[in-house]
Every structure is written in C-alpha cells, then in structure tokens.
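Both of the next two complexes hold subunit A, though its partner changes from subunit B to subunit C.
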Partner chain A sequence: MSAQLHHHAKPAPVGGPLVNAVTLTAGVLVLVMAVILLVRFVFGLGSVTDMNDGYPWGIWIVIDVMVGSAFACGGFSVAMLVYIFNKGEYHPLVRPALLASLFGYTLAGVGVVFDLGRYWNVWNMYWPWSVNLNSVMFEVAICITLYIVVMWIEFSPVVMEKFGLNSLKRKLGKYMFFIIALGTLLPMMHQSSLGTMWVVLGEQVHPLWQTPMVPLLFLLTAIIMGYAVVLFESCVASSAYRRSIEMHLLTPMAKVMLGVLAAYLVVRVGDLVMRGAFGTAFSLSLETFMFWLEMACFVAPFFIIGTEVQRRNPARLFIGGILLMLAGSILRINGYLIGYNTGGGYQYFPSVTEIMVTVGMFAVEVLGYIIITRRFPVLPRESAHA
Partner chain B sequence: MTTRRDFLKGALAAGTIVGAGGTAPVQARETHKVPEEALGLLYDATLCVGCKACVAACKQANDNPAEFNTVDHLWDTPLDTSGDTFNIIKMYRNGTMETKDAETNGYAFMKVSCLHCGDPSCVSACPVSAMTKDPVTGIVKYNPDKCIGCRYCVLACPFGIPKYQFNDPFGRIGKCELCNHRHKDGHYSACAEVCPTGATLFGRTADLLAEAKRRLALKPGSVTTYPRGHLRHGQLKELLGQPAGQGRMERAGWKDEPNQNYEGVVGNYQQHVYGEKEYGGTQVLKLSGVPFEKVGMPKLPPYSSAATSETIQHTLYGGLLMPVAVLGALTWIAKRNVKPDEGDES
Partner chain C sequence: MSASIFDLEREGLDAVESRLHISRREFLQFCATVAATLGLPAGAEAAVAEAVESAKRPSVIWLHFQECTGCSESLLRAEHPTLEKLILDVISLDYHETLMVAAGHQAEAARKAAMAANKGKYVLVIEGAIPTRENGIYCKVGGQTAIELTKECAADAAAVIAIGSCASWGGMPSTVPSIDGADSSPTGSAGVAQILGKPVVTIPGCPPNPYNFLATVVHFLTFGSLPAVDKLGRPLFAYGRLIHENCERRAHFDAGRFAMQFGDEGHRKGYCLYKLGCKGPETYANCPSIGFGDAGENNWPVGCGHPCIGCTEQGIGFTKPIHGMAKMLNVAPPLQYPRIDETIGKGSNFASAAALAAIAGAAAGGAAMLARNLGLSHQAAEQEKSKDAQPKAEA
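Then we have the complex of A and B:
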C-alpha cells in the first residue's frame, strides 16, 4: 500500500491578505532584531548579550539553534511516519510540517552565524585541511548544512507546482525516494549529536544530564517534539485560517507520539538509575527543580491525552503538544545552561537585547510561514474536508 | 574506570542495535597520554610569594593589554584569566589568615593558566582544528586564522581556560601557549623566567614530575635545594643525587643560564601532584599545602571526557559504516513507499 492509494485533498494556497496585525507585529520584531544585530556586528557579542567566559553559550545557541532545530523536526517525524513506516494516511501533514522544518533549520543555520565570534572564518568548517573529525560539532555542522539542502529539494516541488514546471517536477520525483531517505537519516545523525556535544564537557554538566546515553535521549525527544510541533501548528493554523482541524490524522498521530514518549521515559529513567544519578535529584537546588519540571512536562501528556477520548479533543492535543515542546526545550536548556557549571562563580541570564533577537528569529519563522501558506500550495485544499 | 567503560560499551552497543538493527564492534578510545618530550610547568604553591611578576611578564610576552578592576585605573588588576589575561595568581583566604599554606586560619596562592592536558577537551571539541596539540612538545596551540569563534573550547575545558574577547567585534580566543613563540629564540615561558622563587618552574613534564615527587618525599620543615627558572635534565639528576652526566646541563636550543639553585625550607605538602593523573595527565603540574579543591582546582577523573566523546562519535560514525548502512535500509524502504509522482495526488 502506498501513500497514493489514500484519497487526499490536493494542497492549495490559502490565499487572503499578507498584511494584517500578526504579520505587522512580526515585521516590527524582525526590524528590532536587525538593529540589535547591527550593534552586535559593530561592537562585538558582549555589547548586546550577557554571555561571559563561564557561560560562553547563551540562548542564541541553546534556544535558537538547539531548541529551534528540534522544533523543526516536524518534517522529519511526519516524513518518517509516512514514507518509512508507510502510514500514507498522514500524507496531508507532510507539506506544512516540511515547510516549518525548512524555516526552522534555515534560521538555525543563520542564527549560528550571528553567534559566531569569527564568522568570516566559517569556511574552515567545510575545508578538508581544517576539519576535525573528532569534533562532535563538526559532525553537527556538516549534517545540518546537508539537511538544509535536502529539505529545500524535498520542498522544491511546491515551488515547481506554483510556477508550472511540471516536467522538472516529474524528473525530480523519480529520485525523491532517495532524497526522502537522506532527509530521514540526517536529522537522526545531527539531532543525536546535538546531545553528544555536551559529553566532552564532562563533570561540568550535572550528573542528572551528563550521560553517554544523551545521543539517544536527544534523538527520541527530537522525534517527540516533531510530532508535538505538528499538533501545535495544525491547531494554530486551523484557528488562524478558520479551517477545519485534521482531527482524523492528529488523534492517531498523538498516539504514535505517546509511544515514542514512553520509550524515551524508559531510557531516561533507566539511565539515571543505572548510573546511580537519581539520588542527586532529591536535594534542593535550581538544578533539581528544573529536573523535576522537565520530567513533569514529559509525564503530564499521559494524563492529558492518554486516552482515545482525550485525544479526540483538539484543545487537549494542543496543550499536550505545547507541554512536550516545552519538555524537550527544558531538557536542552538544563544540560547546556542550568546544569552547566564551569566554576569561578559566573552567572548568566540573557539580556533584553539577546532575548529580542531570539524573539525576532521566531517572528521571521511566523512571517515566512504565513506568506508561503497563503501564496504557495502547502496546506490541503479546504473544500475536501467540508 | 572499568565499570564506566563497560557501561559505555554496553550503552553504545545497545544504541547500535537500535540504530542499525545489527551489531558493530565497539572500541573504547583510550585517554591520550602526555607525549614523552612534553614541555610544561611545575607550580609549587608553597614557594609562591604572590608577587605576580609572572602575571606581568605573561602580559608583556603575549602583548596583552591591562585590565582594570579598580576605580583609579592605575595598573593591571585582572580578577580571572580572560581573553586578555592568560595567567593570574589567585589567593585563598581563611579565618585570621595567619599561616601561609594552612587550610584553616591561613592563606595560599594558586596559579591559574592552561594545564596543557595530555588529552585536551578543547582540541577534541574544536570543529576546525584551530586548537591543536603539538605532537612533540604537547603544547596546546591556538590558530586565530582558522578559529570561527564558536567558543565550544571555552565551554569544554574543565579548568575554564580558553577565554573569548566578548567586547571585541573581531574577538579571539586567548590562552597560555607556554610562550611557544619565544622558544625559537631560546626563551622559555615568561612566567617561569621571572619567578623569583622558582615557584613556577619550566621544563620537560617528565623531569618536573620527578622533581615534584622528590619534594613530596621530603620531611616538612627540613632544608633542601630548589631550582629556579628552567629545570634541566642534568640539574634534576643532581637534585636526585645522581651524576648529572656529560653535557646534560644544557638542552639544545635553550638559552644559557647560570645555576640559580638555592636552599629553602620544605613546605607542608598535600601528598598529591595535581596534573599527574587528572584527565589522564596534564603537562603543567601543581603542588599545594591546601587541598586542591579549596584553591579552585576541580576534582577530575583519571580519564578524559574527550575519550568518552570520541568513543561515542567514532562508534556511531567510524568509517561512515553505520550511516551508510542505515541510509541503504531507509532508501530501500522509501523506494517501496514513495511513488515517482509523489505530490500529484489528483
């Protein structure tokens, strides 16, 4: 059985105005970001961020890149469901998820450049005489670069449709299976490596997070966050565009998500117990508070969307999605910021200008998503659902 | 250590099975040792008088600007190492601060600069080989022309050594390179050159370790000979009561110096050469009268986290075997499930 045997609504542009309250707000936020970045490039990172030598990575890396790229795993999670596990019924979710992923990753890639202190040397990352094959960051960088290219190829039929390049689209279609396979492999590689990156920090990362199992933890949570983002986006898109919500797809997909979540919790708790690190979770500190908050956000969805009846309620799916997006984000923030301590009494809290750049990055994403879904065939044609 | 490595292997093997549906040989990467001819420093806190001549000499040798932390901006007063300060002397204070090198009611000094690890995390972390370890001298060097400023080295170092110049739009990473740039003229590390008491001593790490162990074996309060500046191999042999041997007093290439040995009182040492085993060994070694954790030196395991990180990385990506196998499987599955006219649902 292939994806094509299911009867789906063909994707179509949503249409409607591009200028409204949401796009104007997003536009202003993007402008604010541009001004802050201008200051950053003229006066250095210290002029607009609160990063310091004790916390050399701030939210521009941990949220914009680590969390941002995990939020952008919707395309990967859904494509894996449709093309690898052959659940063709989910096909209408692929394009919108892929679009969000494309934006998320492209922006994560751009966000890295804002944070690089010596960005003009970035070509060394791809220069065979400079690369360091032992570096986890090298693997992440190569893999993400490649994945961004792969995603643009995966998404290119949408652009070809819009401009009537049908023969080109058909030619590309013959090789799409390989692009899709590559597009499934690459996120597995770099999403897990984004976690492996904190292994080399050693004892500086609290034992609640420092584990050789971290690549698996990051991979599983990236998949979970991918589904969670699709739940979130579908709810927001249907409410914003006043479309009917694809409950017949979201309800069973949420069940798949809970399955992955259960597997994650088994690995997470099993690892803590096996390493004997669980005992450190019972003292009173910011680290342990954040650990329990993280765990609560991972466990709560079982009580909110644990039953089939609950999963038929869009509001519950929306909340479950948000909780899991939050849970995975807190895991990443915990390991790299809250649970990280290099000694020497350094403190870090993002400055207002630093936060406004992160906000600006998400605003670019929202703006891009609105413009493209309104003008390009991404979301399923509405009449078919009526 | 064995249990940790076994756990790592087990965890990775499990991950391998999950990831590829098969097994792959798991080879843990051992922690790299300090090279045989490695150069380093021996810092003996009991000899340090806290004059900070080494801090000033380091600034001069590395052409670094002064940092001001007082209102009057009169002289260089760095509070920690930074992108512009590669070496400082920190002070430990307790209670009445009456006795030097005493943990209670005492005070002590500690030199903070790069330890030049045998298996440095910064070198493993750096994606573009801007941080490298010299295969002969073992000096961890920085190349700003490759550095992309990602600051992963700053994050990775367990000693908090590489630092970044956050307030410069073209900021660099700053760290001690043992005055590598002065070696070609026969000079050695400026901090050791100027140290009046020989608290900071330059030499081969192997020689410095032997000298450190000689001191630990001495009776506190007794009198012994302390070298100053550059500890040469022949000099060490003399200190150990062995014949120095012909021509072993000078090492080829280093500038000539008079013998600056002097008689001093043996301190009350912690029986621990810091850096002998930490992270598998470092080239800069330290002796102290106050427990090392109290003077800001972290307690570290005898294996490096670079070894752990690279074991995981090469298990998953070694020879790209696993990614290619998984890609093959995914391609085969996707070919069955994706139709060439994908997207043309009508």
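Then we have the complex of A and C:
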C-alpha cells in the first residue's frame, strides 16, 4: 500500500494530565446524563422526553444517531481518500479520524437503545428468526452494528501497539485490507439508508426535503461532514494540545471536500428544480427559514475557503468545517423534525432532560477522545522543533 | 363429570322440566350461568345440571337476626323468571322466618325437626348481625337469643354460610360512631364467625349478588364442599378481584378522566367515579363482571352512575363516608404501559429553549475564540515567513 511509502511521523500518545477543567466538566455532564437515563429506563420514555405519537423520535435519534453518525464519517471519508483513491499522504489523519468515528458510531448505536420504548426486545434485531429483511430500519441497524465492529477492528492496532502485542498486530495487518474495504462499504450503505427512512415517511415530510434522491443527499453530506469534522477536530486538537496543525494535509483535503460539496449542491438544487419543489421555498414559515439557513451553511464555505490562499488559513478552515457540520446537521434536523409533520396537532420540542442526554453524549465523546489521545498512540508524534 | 350437557335424552332432564315448570333450555342456561360464576372449567355445567337434577335437595335452615331481609329479597325478587323456583327447588328451605307459612311454636318445631332429620347434613344460612351486648338480649326468636340460636344450629350443620354484610362482620348495625369511647354499636353487633369462634363462608354485600350465594350452594351440592375462600371467608370466585380491576370505567381512570360532580359533563359521559368517592379501588367483589338484578350489562351501581360504596368490605362499606376518596390498593398501571390519552406535545418551554440557547451560545462563543486564536497564530506565522523571505531576497 502506498500509505507505507510516505514517510510520516509515527503516532504517539500526547500524554499530560487526565484531570482538568474540560474533563471534569464533561464528567459532570456524563453523570447528569446517567441519572436521566436511569429514570428513562425505569419509568419509560414519557418520563423524561417530550416525544409523542406524532413525533415518535426526538433529538436522541435525529441528533445523537442521525447527526452523530454523520459526524462520525470522518474515518470513512479519510479512509476512502487514503485507501480507495490511494492518497497515502493523508495517512496521519486516519487514526484521529477513525477514533472520532469509533466514538460517534458506538454512541449512535447506544443512542438508538435509549430511544427504544421496549429496549429489552432489542436482541430480536439480531435474532435470525426475527429479522425483517424488507425493513429499512433493519438494514440500518445491522449495517451500523457491523460497522461498529469493523471500526473497532480497524482501531485495534492502536490498542495492540499500546500493550505491545506486535505479533498479533502483524497477523491482523495481513487481513486489514478486507476490513478497511468493508469499512468504506458499510457507511455508504447505511448513511444512504438513514435517508431512505424519510423517503418511507412520504407526504409527512415537507416537499423541500421529501425526495427520492435523499439517500444520495445523505451519502454526499455524510462524506462532506466527515471531512468537515476532520478539519474541526484537527484545529481543536492542535489548539487544545498546543500542537502544530497539519496544514499541508488539511489544505488539499478541504479542496476535495469542496469538490464533493459542489456535486452535492448540483444534485440538491437540481432535484428541487426538477421536482418543482423550489417554489415552496419562498413562502414565510419556519420550514422555509430553516431551508435557507441550511442552504446558506452549505454555500458559505465557497466564500470562506474557496481560494487556495484562504484554505491555508486554519481559522478559515475551522469556520468552513463548522459551517458544513452545521449544514449537514440542519439538513437532517429539517427533514426529520422541522419539516416533518404527521398532522393532528402534534408538536415537539426537546425537553431539558432530553437536551441534557444529548449534551451528555457529546461529553462522552469529548472525554473519550481526550483520554485516548493522551494515553494511546493516535495523533502523530510532535517533532521537537514544530 | 362424564355427563354431557348436550345429552338431552336423559331422564333427569325430563323430570326437572316437569318438577320446576321450566323449559330444559332455561334450566341448562341456569346451570351454565352458575358454573361460569364459579369460574369452573368447561364441562362443569353438566355436573352442575346433574347435581341439580338428582334433587338431593339439601335441607337449609335460614336464620334472620339484625337485618332488613334485603338478602332474601334480592334472591326472590330477581328478574330472572324462574330464579325463585330454582332457589326453592335446588334447596329444601325448611326454616325461613319471612318465607315460611308456619308461625310461633309450629315454626320452631319445624326447625328442630329438620335439624334432627338432617343432622350433620343441613346447610345453615345466617342473615343479619348478631347482637352481643347484655348477653345478646337485643334479638330473640322463640325466646332464644341470636347467639344461642346460632350456636345451636351451627353445631350439627354440614356448612355455615353467612349471607350479607351484617352476618359477615356485623355490617351496617355494627357501624356507628363510637359510644363511651368503645368503637362498637349499641347492641354490640357481630358477625357469625365471631360468635362461632371459627371461620365461616361469608357472602358479603348489601345486598349480595344472588348468583354468588346460589353458586356457593350449587358448589356444595355438586362437589360436596364449599368453594375456596379468602382470609375473610369470602369465596374467591366472587371476591378474588378488586372492583377496580374489572370495572368498565377503568379506562377512564387510567386516562385521568373523572366525573367531578353528579350531572357534570364527565358524569354524563360515563367517566370514572373515583373522585366522587367510588370505593372500587379498595373493594373486592365481582359486581362489574356479573352485574346485578339480571337486567343486563352495566346494571350495577357504578354502571348506573353511582360510586361504589364498598358494601362487601369491612371498614369501608357503612364506615367510610360515601363520597370520601378510596385508598388505592393496586394502583395505576405501570408507566411503561402505553397511555390511552396520548399527549400531542407541549412545544417549547422557557427552560428547554433557554437550555438550547445557552448551549448554542457557548458553542458559538467557543468556536469564535478558537477561530480568533487560529487566525492570530496564522497571522504571526505569515509574518514570520515574510520576515524570513525578505532577508533571503535581499541577499
């Protein structure tokens, strides 16, 4: 593989204290979440959420699972770049991106269980005699589960390095090409299926979002958000750990990202025009406001990191990354909550306890990322002069 | 038990037809009803029919003490056309003060004769509470006190059944405000079990459902024993469950829809009567299941719009104020069960909107700070670069 031909600094633990203001804050948020979840698992969903028959999912599914798993596409997007398009120079980005993906997906999988009314029946999903092969939900569930396992295997060399299991790592290395191939295939399947689910919802979804193209839109935005998360994560990590930023990698990667973004916008706008749904975007409502906000977030990066000079500025890359993460998130929230109306006067707004669980989930990711990067060889070793 | 209820050619059936002056259809309906009330398995109605047909009518001695005869009335005044015939035919009612023709010493002689002839085989039914104050002088029949009569008749009885709330624990006569600090009635009314000092089968109710009494007697007739009872002597087939559990208005309770006063909209719509003082949640009886008075579905107090007064339950009926709130013995369904009145969502409130705004604000602020720092360090790096570049260019 060409990845080995490039000379990169080997990954190494960042080191430093595990207890600081950030980890303590995250810890408290995780504890709050644990208490709320205890209530939820004992007394049911109605005791802590504002979900109802009209809105059978709330932010736990739309943000923790839909948005969370899209944020977690960094690993997939970078792996695709490195292994499929053979751009070995991006290799140092793989491990941190994979770590973020690992957390994002594992938590998305766990987050689904929070939202299952009768969570004790979840084993039926994997019980061969209970499966429903015609279900989009089943495809998503099985695919995400498989992908989580695949990612843990992809990430396992990090753990093996840490504990000195080098022979095992070498053995695994022989089969890694297959695991990595699977790891790029699976997200393509379920990220598009996450979109298919709203195709299934039919007219309950506003025409600005209800389109048979949704699976493609979800896949493209998942890839875009994957790169955006890597930009975001690199900037935050360098800032927090006072490291230099891998600008020589991020700048060209941002260009790749803009290419995918352009493709997305062509599909998105083309679809709206073809379906004749674009006209509905000009009335005055919450839905149209959110639509324009979503589109603005998708288009703005062209003005912020459109030129090569702009892409060399980490502040601009950071803002561009945030805007695209926001854009993809708003797209998902729009289709699944704001532009979703089952009629009958049902309404939904997340309760404080629901919000605190979602916050807690992000806190788990932050906490886990800090602990693992400080103790396991994930980020590239910092050279002395940098 | 080998008999089939569909074996319509057997002799006994013809005999019962002529004896009771009822059609075979009506007779078999009765047997099936009783078997169902008892909660007996399919096929038991045949055994019941056979037992009733064979007409080994057990002798019944029926004593009346402190009571209103409502229990007897409920048996006799049932709308079911042939019920009174069956009552009087299924059992040999040898002594019943309000129904028998005989009077005075003649009546007492009939009782003594029946007791002697059926020694150890007759069924003793007691209706009404038994006064205990002043050696029970407040109720005498033929010169004997209720206490004496109870003990005398119970001595050789095959079974003792206390019918109605009064005989069960003292009922209404025992329930008065405490006098002289003692919490008992002026006459010290007590139930049969207290007088005999041993448990008896009780059929409480004011009045009790006639089918619960008949089913108990038919059970004795069919199987030679009395049905299984709870710790208060009440047959489990009739008093095994709370009224609240089988109430047709239960869904309204679970959904939180209550009649708040008589005649209000909720009351007219048939909502739950809990807040009007219904004692269903703490009273064991099968009223909602079998109804009352053979007048069809929903013909029982709660079905008619009046809260249950808890007449089958000592300490509740006649004791608690009729419109006082009941204590929940086994409460609302668990929260895990789906609700009946699904909420349609509350929308945003101040707390959740504020929480979201705070998180968005914190995230935006953090991002802005980070971007500013990144921008500043980039600027510094650029300046450094240009400084490095300048000397080179000069050189």
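The rule is simple: the second predicted complex is superposed on the first by the 383 of 386 C-alpha atoms of A that agree within 3 Å, B and C clash if a C-alpha of one lies under 4 Å from a C-alpha of the other, contacts with A are read in each partner's own complex, and residues count from 1 in each chain.
We take it that a contact is a pair of C-beta atoms (placed from the backbone, for glycine too) under 8 Å apart; a residue touches a chain by one contact, two chains touch by 3 or more.
Nothing here was measured: the structure is a model prediction, and the numbers come from that model.
Considered on the superposed subunit A, subunit B and subunit C are sterically incompatible, since they clash.
After overlaying the two complexes on the shared chain, residue contacts for A:161 are found with subunit B alone; subunit C is out of touch. Of the two partner chains placed by the overlay, only subunit C lies in contact with A:348; subunit B stays clear of it. Once the two complexes are overlaid on the shared chain, A:54 sits against subunit B and subunit C alike. In the superposition on chain A, A:302 contacts neither subunit B nor subunit C.
By the touch criterion stated above, A:314 is placed in contact with subunit C alone, subunit B being left untouched.
In the superposition on chain A, A:359 makes contact with subunit C only, while subunit B stays out of contact range. When both complexes are overlaid on chain A, the residue A:322 reaches subunit C alone and has no touch with subunit B. Contacts of A:236 after superposition on the shared chain: subunit C is touched, whereas subunit B is not. Put simply, more of the residues of subunit A are touched by B, taking subunit B and subunit C as the two choices. Contacts of A:44 after superposition: both subunit B and subunit C are touched.
In the superposition on chain A, the residues of subunit A contacted by subunit B and by subunit C overlap at 43-44, 46-47, 51-54, 344. Those residues of subunit A that touch subunit C in the shared complex are 43-44, 46-47, 50-55, 235-236, 239, 245, 312-315, 318-319, 322, 344-352, 354-356, 359. Taken in their complex, subunit A has these residues touching subunit B: 2-4, 7-10, 41-47, 49, 51-54, 56-57, 82-84, 86, 88, 91, 115-119, 121-122, 124-125, 127, 130-132, 134-139, 141, 157-158, 161, 169-170, 173-174, 176-178, 180-182, 184-185, 188-189, 192-193, 196-197, 199-204, 212-213, 215-216, 271, 274-275, 340, 342-344. If you check the complex, the residues on subunit C that touch subunit A are 335-336, 339, 342-349, 351-353, 355-356, 359, 367, 370-375, 377-378. Subunit B contributes residues 7-8, 11-12, 15, 18-19, 80, 82-83, 121, 123-130, 144-152, 154-158, 160, 163-172, 296, 298-301, 304-306, 308-310, 312-314, 316-317, 323, 326-327, 330-331, 333-346 to its touches with subunit A in the complex.
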